[in-house]
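What follows is a pair of complexes built around chain A, which joins chain B in one and chain C in the other.
== the complex of A and B ==
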């Protein structure tokens, strides 16, 4: 048996540099991205000017709401955690070549499971919050697993089924909070109960972790960071992660090397749903929301988390800064709407920025001429049943 | 009110809710037959609804608004086509981003601007509109609704009878083979998206300047996704797709009408019905290969 090759420190340095040094088209891609981001911000500023608002005042409002003081930082970090969890989940199944776009629904179902457990189970102290989180992850995972099963046994397109399941999830949660199943108990003498659940007991909530001067860091943030780093390591370093990436890059090769492609693909889809569900549990139990189950609990976190994964090109570690950037926009947007500029401005900026980040590598491929060179795909294609693919 | 009157009202309202879906479904059907799965149909409808009202408010003419709505749909179709069938960005990503962009843009603009209300005229057909039960529903609509009589057969002829449609279906079933025979896959898919954009734009504009007369935030409220559900429910056949639109339109009308009639029915179930039915249809049809084989898969020359 050969000894494991030792890596000299300068060798490691060279490898890191090779990662950082842009390739043939790298400079072009980077400069194109910078140009497109500038265009996106310019268009947003133009829109503000045309509608009679001040771009500089809006920018400073976003700054004030997100990064200017410790309150802003707290809000931003609270927003970042669920986005990061959703994005990490999206990265897992994208690595296996499955594209899940139903995170919004999986977040909601996670919230539903979490709320049900949190309100029905009487467990002592910190056990409850752990169980709530676990239930949320199981809920989101099961919801995504339904799509995986439909694909496995009936060949139903995963993208379409996860999309449709999202709308089912919204109605299911609306139903749950407007029937005795989970609806809040009537308030006061009027006896009116809104379409929302009772607030979760204090034991089911995620508290701050550690003491920081005048800043609150929620336990959810650490959970999300651990998940991102853990998934990045597992995908890039473990045998299981290697199999997952092989299925994503070439399912036929993976099949011939003995990987159970269908089972692994389905499992990663369920896993990505579980991460989205966990994000739903986080929304439910952290101070970012009113700690009740409502149909609006997810508040586009699923869609935004998916966009984070797209901008980060499905790399969990890159998703950390990207989700932070999106959280700045979310937190800043709330503050912005208080100054009279509609929150929707932030949605426009987000969509334009995603285009600015996703388009360049493919545009460079287009500029270079498609002949011969295959432009990199930002993430794998929707999965094709291996059976059918072999027949083609 | 008698049962007959109630039924007449629900039928009429159901048909009114079906018309925008049917316009967009004709377009989405054609696009999906070309293998172009575009979820941006929601963006096309919403964008067109907004620009049609904005134009009608500026020019005072609802018909001009309708035309500008069609152009808006075309522009979104053009953008989507070039991003995903020229620059090869994944079509679902483009669709998601366009939906988010148009939703944000229209929501932003409607909260900062005021628009006057405008509506196109009603065209009642004498005698026929007095037929009990279906007369009100079918022969007393806003005039653009009658364009369906023209556009549905045209879509059918384009897809099933024209040479262009044959090439389109080849592109949707086996782009590699189509490419080898000299059909330009990207061009056909972009053309299909333009057709889809024009019709979805007409549907969205009809919703705004036809039925409602004004625009409100997120006015289409997921109708684009219902259109996709209808195409799936129809197993990629035009007739069944339109039948799906009618079923979904009627279920929407019932959801709106039943509480007033004192019938308690689960509203959430009726809202969820299109998606549920589409999923069930996919489960049933999946093994029969009704779906265009290359649906939603990008084409790259030289790759399999």
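== the complex of A and C ==
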């Protein structure tokens, strides 16, 4: 067997994560961010105008859909919870220097496990919803663990494998809901069954808090907030978190001090998958989805959650407001598309904003590297390119 | 004090200043290099030598100052421009690609169609002219460090540079190889009127090989002279900025210690009380034996030097002892107990501390705080079952920082913000804390200034006096001769001989380094 690549950390992921590490911002990064956000908003307004919509009307539609009334902001908060869970998971493995970008698939697999358990197990009342959530977390964790194992034993790049596993997950769920395995029972006179599961029983769903018809807040939000605060504390204050950070910042020194680098790195990847899977379970049991398994269940929550983590630069506490901002765009975007503006425009706006936040630290890092503005590094410089007439 | 010179020097730097943020690496540096001379550029680490050369190669832009090549002012905005002006450099660390053959490496960076025959002919011509035998068809990873250096020099000379810069070229060479290199450089300047700039921090080398010398200190030109008019002592004083003794400090500067300052410890060489015993240690990587059956014993309270030229297996031995690489065969005993090296951290738990060769690589976590770096190996003492205890962490770190004179703005400052010498002290403090029986110090003074080097020597001595066995892995002959009581020599991954320091001479060690019996 080929030696496991324990000494070759996941290079691509590590390099990106190193640039995104918080605490390296100078005034240049900050001002560049402000400029780019302004540019992103300007381009967004331009795009809206070009498609015939009015930017101000669109803005007010987003406001109405997300924050203006009780229905709006409960929708926003319901959207924020799974995003935050995904982002917190991403932050864990990023701390260990592993870049997981497969949350979308891990969310789906979480949904698959959750739906299977929710539809097959007859457990009394609140027990069932807890078991559904746990199963979803296990599902997402196992899915990510496959990528960890591929890296451990065959050296497959984690960034690549987690990404590709997402497409596999979509296929797997599509397959599951198209076969007797999970497909819904035929309905109505036509006798046609769609590619989706039966709806989950009421016991498997998260009930609203209190008896307010327009306010459907549920425990999911609190779960996500507790997770964010808890993970932030564990990473900064616990022995385990200390080891995780060491592995992320310098795996060789970590190994020297006795940390099982490969095992810990793999475990954090699985853990981040578990958080994404939990988000999938939350989607399944929450009023933001049709409460049944479909290939579209994840609805970009995995991708958006990853973007939340990127914008928050992998800080769980910062991810709280950022996930809220993304949820505003999601909830408001749904409302906006109801007014006739294509939904993909919202995606474009989101993408532009993410670029505006993520590009500056990377750009400044590259610029510094080029101009040699950082003090000389101890590492050897790359070979000097020389342009010479043919010698001799 | 400038010697008589021809009217137009081949290279002249006037008032070169280069700052990185608040740090001024070069401060109004003037340098004048004549055609046909080997010009030594001497200075401690951080004196500004490398920054000056980066300016000269167009790798970084100078803040102020002018560069004249053959009397004409040039911009030097890019490496391409420097190359076109005929400025070539042999870097300290190899810039060769291992998987390619020699001729492919030499052709790298050429423009236009690659013609293998023409490249090989060029290599043969350069080889013959300067006496630098290389095989164009050999793969670079099969070559020894000395051969690789030769390829670098050939690669550079084939481009026909008028000004050839060599950055610490002898750090990977045996003494015999160094002599050969200097002979080649003599031919380059004497017969063809080129200029050579030889960068070094080793006094003996500068004194031997150069025609004129410029000494940099803290970014400024401290001294310039015709080499034959100076003495190593004078150069040493100019380099450090104060009087230096020729014992310990001389060793730190690359001069052989005049007298054995370590009398009395020769007899303490007690093999009965071995605290570190390596037996048949072998590492095979990618089918190549990089470490071959190494046997080595270090007794309590003694300093054993492992001397050899860079790239002869010291790095891999360091990795094994740091617990980063598992040996293919062989055993390691610490304080009489055989250590299961497959268990993470087993060596440190057994009482082995190591100052690794590259502290940024495996010694410190640059982005963690000084306190965290000082306590990362003793988490049991500074945390409960689950949570870290900040007060305990800081108290322990404070104690170590005081004991080892670590200069830091605060214990919460990242190690990245410390000077090299203080970073090295952080590593040393951490590795000596706890119940350390053996300390492995791999190239512990690389990249440090003289003050920090002396401090390191004193601390290694003190550790030995307190009964710790010290294994000093070093490429600096002077360092080993000044500190160790017993010297083993490593060559091509094998121990080629060992002898007490009283019997060691540079000549005998040189032969062992070359793999011959002495």
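In this section, the second predicted complex is superposed on the first by the 328 of 392 C-alpha atoms of A that agree within 3 Å, B and C clash if a C-alpha of one lies under 4 Å from a C-alpha of the other, contacts with A are read in each partner's own complex, and residues count from 1 in each chain.
Just so it is clear, contacts are C-beta pairs under 8 Å (C-beta built on N, C-alpha and C of every residue); 3 or more make two chains touch, one makes a residue touch a chain.
Keep in mind it's a predicted model, so treat the numbers as computed, not measured.
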**Prompt:** Is A:240 touching the first partner chain B, the second partner chain C, both, or neither of them?
**Reply:** second
**Fill in**
Winner on chain A touched-residue count between chain B and chain C: chain B
**Request:** Could you tell me if A:171 is touching chain B, chain C, both of them or neither one (first, second, both, neither)?
**Result:** first
**Message:** So in the superposed three-chain picture, is A:258 touching just chain B, just chain C, both, or none of them (first/second/both/neither)?
**Reply:** second
**Prompt:** Touch check for A:358: first (chain B), second (chain C), both, or neither?
**Reply:** first
**Message:** According to the stated criteria, A:250 is in contact with first (chain B), second (chain C), both, or neither; which is it?
**Reply:** second
**Asked** Is A:30 touching the first partner chain B, the second partner chain C, both, or neither of them?
**Response** neither
**Asked** Between chain B and chain C, which residues of chain A are contacted by each of them?
**Response** 374-375, 378-379, 381-382, 384, 392
**Contact set on chain A toward chain C in their complex** = 7, 21, 237-240, 242, 245-246, 249-250, 252-261, 371-376, 378-388, 390-392
**Asked** Which chain A residues qualify as touching chain B in the complex?
**Response** 47, 51-53, 99, 101, 150, 154-157, 159-161, 163-165, 167-168, 171-172, 174-175, 178, 303, 306-307, 310, 342, 344-348, 350-352, 354-355, 358-359, 362-363, 365-366, 370, 374-375, 377-379, 381-382, 384, 392
**Prompt:** Quick one: in the complex, what on chain B touches chain A?
**Reply:** 37, 39, 83, 86-90, 92-93, 96-98, 100-101, 103-105, 107-109, 111-113, 222, 225, 228-229, 232, 266, 268-269, 271-272, 275-276, 278-279, 282-283, 286-287, 291, 295-298, 300-304
**Prompt:** In the complex formed with chain A, which residues of chain C make contact?
**Reply:** 20-21, 23, 25, 50-51, 54, 57, 59-61, 79-80, 83-84, 88-89, 91-93, 95, 108-112, 118, 121-122, 125-126, 158-160, 322-325, 344-346, 348-349, 354, 356, 358, 360-368, 372, 376-377, 379, 383, 385-388, 447
